[in-house]
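In the part that follows, the structures are each spelled out as structure tokens.
Okay, so subunit A shows up in both of these, paired with subunit B first and subunit C after.
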Partner chain A sequence: MVDFTITGKERTTLFAFMALGVVCLIATFLWGDPSDIEGHHTRFWANILHNSVFFTGIAFTALFVTCAFTTAYAGWFTILKRVWEAFYLFIGVGLILMAIFGVATFLGMHDLYHWNMEGITDPDSPVYDELLAGKKGFLNKNVFLIGTVVVLAVWYFFATKLRSISIAEDKDGSKGDFSFHYNIRWWAALFLPIAAFTSAAMIWQWVMSIDSHWYSTMFAWYATASWFVSCLALTILLLIYMKSRGYMEAITGEHLHDLGKYLFAFSIFWTYLWFSQYMLIWYANVGEETIYFRTRVDQFPVLFYVNLVINFLVPFFVLMRNSTKRKYGTLIFVCVIVLFGHWWDFFQMIRPGVLHTAHEVHAMHEGGHGAHATKDVSGHGHDDHAGHGHDDHAAHGHDDHASHGDGEHGHGHSSFVSGFTLPGFLDLGTMLGFLAFFLYFVMGRMASTSLEPANDPFLEESMHHHT
Partner chain B sequence: MSHAVVSPIREPLITGNKTYHQITEDLCAPTEKAPGGAWVIAFMLSLMCMTFGVFCILWTIWFGIGSWNLNRTIGWGWDITNFVWWIGIGHAGTLISAILLLFRQKWRTGVNRAAEAMTIFAVMCAALFPGIHVGRMWVVFFFFPYPNTRGPLWVNFNSPLLWDLFAISTYFTVSLLFWYTGLVPDFATVRDRAKGIRKKIYGFLSFGWTGSAKHWQRWESLSLILAGIATPLVLSVHTIVSFDFATSVIPGWHTTIFPPYFVAGAIFSGFAMVLTLMLITRKVLHLEDYITIEHIESMNKVILATGSIVGVAYLTELFVAWYSQYPYEQFAFFNRAVGPYYWSYWGMMACNVITPQLFWSRKMRRSIFWTFLLSIVVNIGMWFERFVIIATTLARDYLPSSWSYYVPTWVEIGIFIGTIGIFFVLYLLFTRVAPVVAIAEIKSILKTGGNQYVGPNATHHHHHDHGHSDHGVQHAFQKGGDHAGTHDAAIAAAPIAPVVKEAVAEKEVEKVEAKSNDFDAAGNFIGKKDDLTKVEGIGPKVQEHLNNAGIFTWAQLANTEVSKIKSVLEAQGGVYARMVPGTWPEQAKMAHEGRWDELQKWQDELDGGV
Partner chain C sequence: MASANKEVLFGLYDDEEILLTAVQRAKDDHLDIMDVYSPFPIHGLDPIMGLKESRLHQAGFIYGSMGTLTAFLFMSWVFTRDWPVIFGGKPYWSVPAFIPITFELTVLFCAIGMVVTFYTICGLGPGVEAKTLDDRITDDKFCIAFDTVGQSSSEIDKLKSFFSSTGASEVKTKVL
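Moving on to the complex of A and B:
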């Protein structure tokens, strides 16, 4: 069976989950905010951003890895190429989702991105922030909107281009005619450097700038690794499901073994990047940097440690044996955990910063916390929110920035806030809704053409693949 | 498990229609002949450089570290620059051996042996520098963690410099084991061809290797385990070298991207050095059929990819330095670009990021001249990178009153030249004593990489090649069923049904064409089998192997070329590989024609069929 169709039952199930997602989103909009920052719909926006970034990233890495494998003459993945094609076409949806944030930011929303607050770069304003003023060449609403839209449009252009050549190869190509493949390879090679630069810029904009003072050169690669592992886990899950429905018979234990190896290797790679970033920041103990982890370790300990357990220990120990990479049950177990795990990872990248920003913004609007209204940056010490254990770090900072950044991050450390400290049911429901939507989209794309790229010169090699 | 199917779009990786025997001949030759003039001149030059280096090292030890131009501000100069440079070069070998194995890049077999050797020699050169830059060689044992007799005095386990010691010694050990494991069967091949003292030496080096199935099985498990250990080691070594810098609070050193960026840079420089060496080696030792333009192009692609990753990292650092709004970080990069050492920064950018972009052009990637030139440019660039990171950053620290400028003395330059000498002395010796290309591994890809089997000029048609060689023939792939089912269907659909059966140890055996009426639709032999053991030299076991290779009758054996029989036997390894089947077709012919008396008479003269 090479012609995929969505059954009525699948459609019903996926729509039910999508409805659940919508209901959860509405509920989050109405009642989701922490009690002390009501009215900003912070959790609602954070949920949409988090899932948009996560699923757009999966689509992006599917495109990236397709291009990388094509350029590297990898033959084995050809049989599952159509699945990744369906994945990467989701970039078109990602463009719309992220454009919502671009427009909202352009219109002045600053609940997620503190740097977009009015007056924050104006020295005469009471909310002036010297650091953010310095960054305004990159962190401003114009760059955010135009950058997001242009970059995603470029990605989507490459996605549709590669997809159209791939389909044209089916229709107009023949065995022995390599011209389509050469054409794909040309576009694939061109995409790689473009993707390398633009993905980093997007991650800085979308995710790193939430903790608007903080910076890490590793961050973009770290987040991309997280995307890629998620993409692999979802691919394996979908392939096993499709096999259970009788599709993709040519996918054997050999292919799953290879995908399992990738999942294993890149889970370790993700951990390697996690460790390098954490260890270097912890070791050097520079105030501006270390606050990021200090906040997470002190105020979000479950988020922080569980991240490591489910994204490193589980895939590492379960997938180490050869045989486990060939057992469907075990693979499903690991893939579900790892997929959720990297969603969790993005949760811990996004939510603590968002919560902090929300408190900041709320405080400024209410005028309740005098810190910003009265401070000049260099003289800004620790207010009572600075939190225990921060002081010594701040004191070691090289300059006045340290104490500034530190004082800000202290908010809300003591209380559990559902949807921020840990994912709540509304967040999980929203995620399932997004996941169902992603799968529905992907299945629709898979149904629109043959599952088998019949004239790909590597097809036979892929079908006879042996590890 | 099964014969691999190779896409018709792939280019061959072995040219010149090589047989297994020819491969052995070609690759053993350099170890069996006296070296040529070019080798002798190169060796003498390297030896001179090495001697000068040793002289400079002794000078350093005798007169102290003051003979270098280090000062209070710039405590690390050429010594650590060279150390990191050599360590970086030492990355490609294990990458090719282990990671490319994981990525199933078959072209690794042409270059892995030399790259692994290069790794070991480069790490040896690197390890020299921590030893001498302490100035007092006799306290070098302070590096090693051992409970000493001077009370509770231990090395500082919190120091990345100590982690470096562990990382590098581990890496060196595993790389050496990996390299030597690969060499064992090849040394045995050399041994079996050698006489006299050489036979004794290679016999010792090959650990009594007989090539039995058990040996191969153990060899393969060991290689797999070592590959598994080596893969994280490739990452760990340069990661920890990067920690030497990044754990500090020195702007320009302390940045989180250092670990993966150092690793990418190391692979980049390692591949450049492999290219420099291989381009010369393939010419001098006439290995153009094994290290083809295809290999060179693949390596150039790795250069382009890693060069671009390094470029992304440079620009990330530059951008985040600005983005951080941390004035010291910003100054560090401002100083690199337009400070007194601007030439090294722009030299690094030009050599590492800009010039490799020429490899976007296929013509450039396949040009030997440009590849050679750029491989040297990259190595210069990577040296600049380390110099930029180390000397430039230190030269202008937090206190402008202590700013300094540093140029090396002749002693420092001499030690660097010396390490290049050591490296080449070792490499040149290696090319004479060991097969530079892994014989056993090259043989394992002959059927999937030889130009007579794959690519545009293939003359041996595997069943799966018909779609390529004859565009009209469509494959009736059966979509249902497991892999084996698909495979059988493909055979049935092919116009002539050649029999391809598997042999032990996953080695594919030579296919033998036979008359199609002796075969059923599934490609199984259904004709009458002959007793092949009537041929002297063939026992029941060998008969079994020949049957597996599709030879069932005297007639078939008589019509089979000796070289084909030889390759069937070689695929079995062990004692079979050393059998000499020269007379077998002739004997079989007599048996087929019923000339039994004649055969009997001849067999009396023969000794074991030879």
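Moving on to the complex of A and C:
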């Protein structure tokens, strides 16, 4: 029985960061939006979505690798199993966070998801969009809400199921009793195909549909690889921290070496997927596909190129040597960079699309006003839109809007927009808040039971792991 | 490459665990092991023997870099200077299109270079007859070998008693 406890100092630090996150979120809500799309709270919602998706994804990949390793009879990770168990229980929080977006979308919010705009699939509407009408079977508020809630509930069910068997094994099992382990493996194997299909669908819904006209078959893999690398980086950092506090003594350079190899390999895997997606679209040069990268290369160049440097070049060259995967210093350095790097990667996936949508929605409402006056009979009343918080339109001069109109065709928006072009302080603060919350949750889960799965048949093998 | 005419005294062990303790004993007794042979890699043997990390992977990195440069520079030269052709409206110097081939040549140069280097270091190659102390060390026996050239008979007796006390199943001599 190895008990983990959270010290008062840790609690204070984590709560301080959580408070910072809350303050940043409030500030983002009040003052975060760029002046031309004020009043939509776009950056606020984008911030919450970004961090929710990122940390829910880390929890999800922790569950996925636990299941994959268990199914593959892997023994080496058993000693750190309780850490990943704590990670994946965060799916419960993710369920609540993402359900907020499900409900908001169901109620008509379309600042993030342009496909949810009222009348966009209606041929008689002035905002009719043929492409989005073609996708309405998947991109609609019912599928978004029900899909999100049901899928996350299923993930959470598997998470709690695996965790409860694992704890029961501690309590009621004994050395040589494999019944609990067989039970875990049955559930783990069942989860793998479910995880593969549902995670792809969730990524399409949550992230890819932000650039609502665009689609890519590589995207689900690419985003999942991003989650996986972040999960590994956070695991390594947490393990090193716990070792510094005297826990996890059985974790040696051998385990860290293996985790480092995973980090190295999956950083390359991520790059491979990134490049495959980029090159096919670049080569085929189909307008509706290339616009995704055109926008990023032209208007978000720092976001676009730094992404490759910190997520590929740094882990590739630093972790290439054997010894750097065993030294705390280099591991911590790479893990911090890569963890931030994949947060940056999700920033890069989400923000440009959100900004574009914000401008488009803004312009459409503007253009739509005249049309609504005559089209009120068709049911798209002005009140409808006022309900979404756009009642400050009058505050913007007409010239202002005209320039946004140009922006739609790819000439505008090249100026710096904090929180969209690059992460601003508010976004970084929010991220730290979420990270502190995630760690506090994980530490709480680790403290609730023994850190050592004492009756796991693979524990002995794991303690004498040797690469 | 092994130099000619070595007189080797070697002991065969049946199990790698016994071998590991024997190697540790030899180190503790300051016996100068020539080499240890095993049909498969044994975990923990390298640090006990005090072997240095192989530099083969550093050679691999250099070969790989050479592949990267060869592919990238060659394609850049061909498509911008030697024979510029427009493919699908792309610029002459289309970096993304070069990446897959650059990657392939990196792997190819690295792999071939490392194989050749490894074979050269080990004195292997087509037509070379490998010298083994005993054929069973490629199958199910584990072997510790000592070079006995210039050793006195008392020193050789010490080695023999080492073998018998550490559980070697057979002790033999052979001239390599």
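Basically, the second predicted complex is superposed on the first by the 422 of 467 C-alpha atoms of A that agree within 3 Å, B and C clash if a C-alpha of one lies under 4 Å from a C-alpha of the other, contacts with A are read in each partner's own complex, and residues count from 1 in each chain.
Keep in mind that, in the parts below, a residue touches a chain if its C-beta (ideal position, glycine included) is under 8 Å from a C-beta of that chain, and two chains touch if they have at least 3 such contacts.
Here the structure is a predicted model, which is why all the values come from computation and not from measurement.
With the C-alpha superposition on subunit A as described, subunit C and subunit B clash in the combined arrangement.
When the two structures are aligned on the shared chain, A:D36 is found in touch with neither subunit B nor subunit C. Contacts of A:T71 after superposition: subunit B is touched, whereas subunit C is not reached.
A simple residue count on subunit A separates subunit B from subunit C, and the partner touching more is B. Once chain A of one complex is fitted onto chain A of the other, the partner contacts of A:E10 are absent, as it touches neither subunit B nor subunit C.
When the shared chain is aligned, subunit B and subunit C each come close enough to touch A:H466. Of the two partner chains placed by the overlay, only subunit B lies in contact with A:A250; subunit C stays clear of it. In the superposition on chain A, A:Y283 makes contact with both subunit B and subunit C.
With the complexes overlaid on chain A C-alpha atoms, the stretch of subunit B that clashes with subunit C is 542-550, out of 92-100, 272-280, 542-550 or 596-604.
Shared interface residues of subunit A, touching subunit B in one complex and subunit C in the other, are 279, 283, 285, 466. Residue ranges on subunit B touching subunit A, taken from their complex, read 1-2, 4-10, 102-105, 232, 235, 239, 243, 246-249, 254-260, 301, 305, 308-309, 312-313, 315-317, 320, 323-328, 360, 464, 467-468, 471, 474-475, 477, 479-483, 486-487.
Of all the residues in subunit A, the ones that touch subunit C in their complex are 275, 278-279, 282-283, 285, 320, 322, 466. Note for the complex: subunit A touches subunit B at residues 1-2, 71-76, 130-131, 134-135, 138, 174-176, 178, 181, 189, 192-193, 196-197, 200, 204, 215-221, 249-250, 252, 254, 261, 265, 268, 272-273, 276-277, 279-281, 283-286, 288, 398-399, 401, 457-458, 460-461, 463-464, 466.
Contact residues of subunit C toward subunit A in the complex are 43-44, 53, 57, 61, 88-90, 96-97, 99-100.
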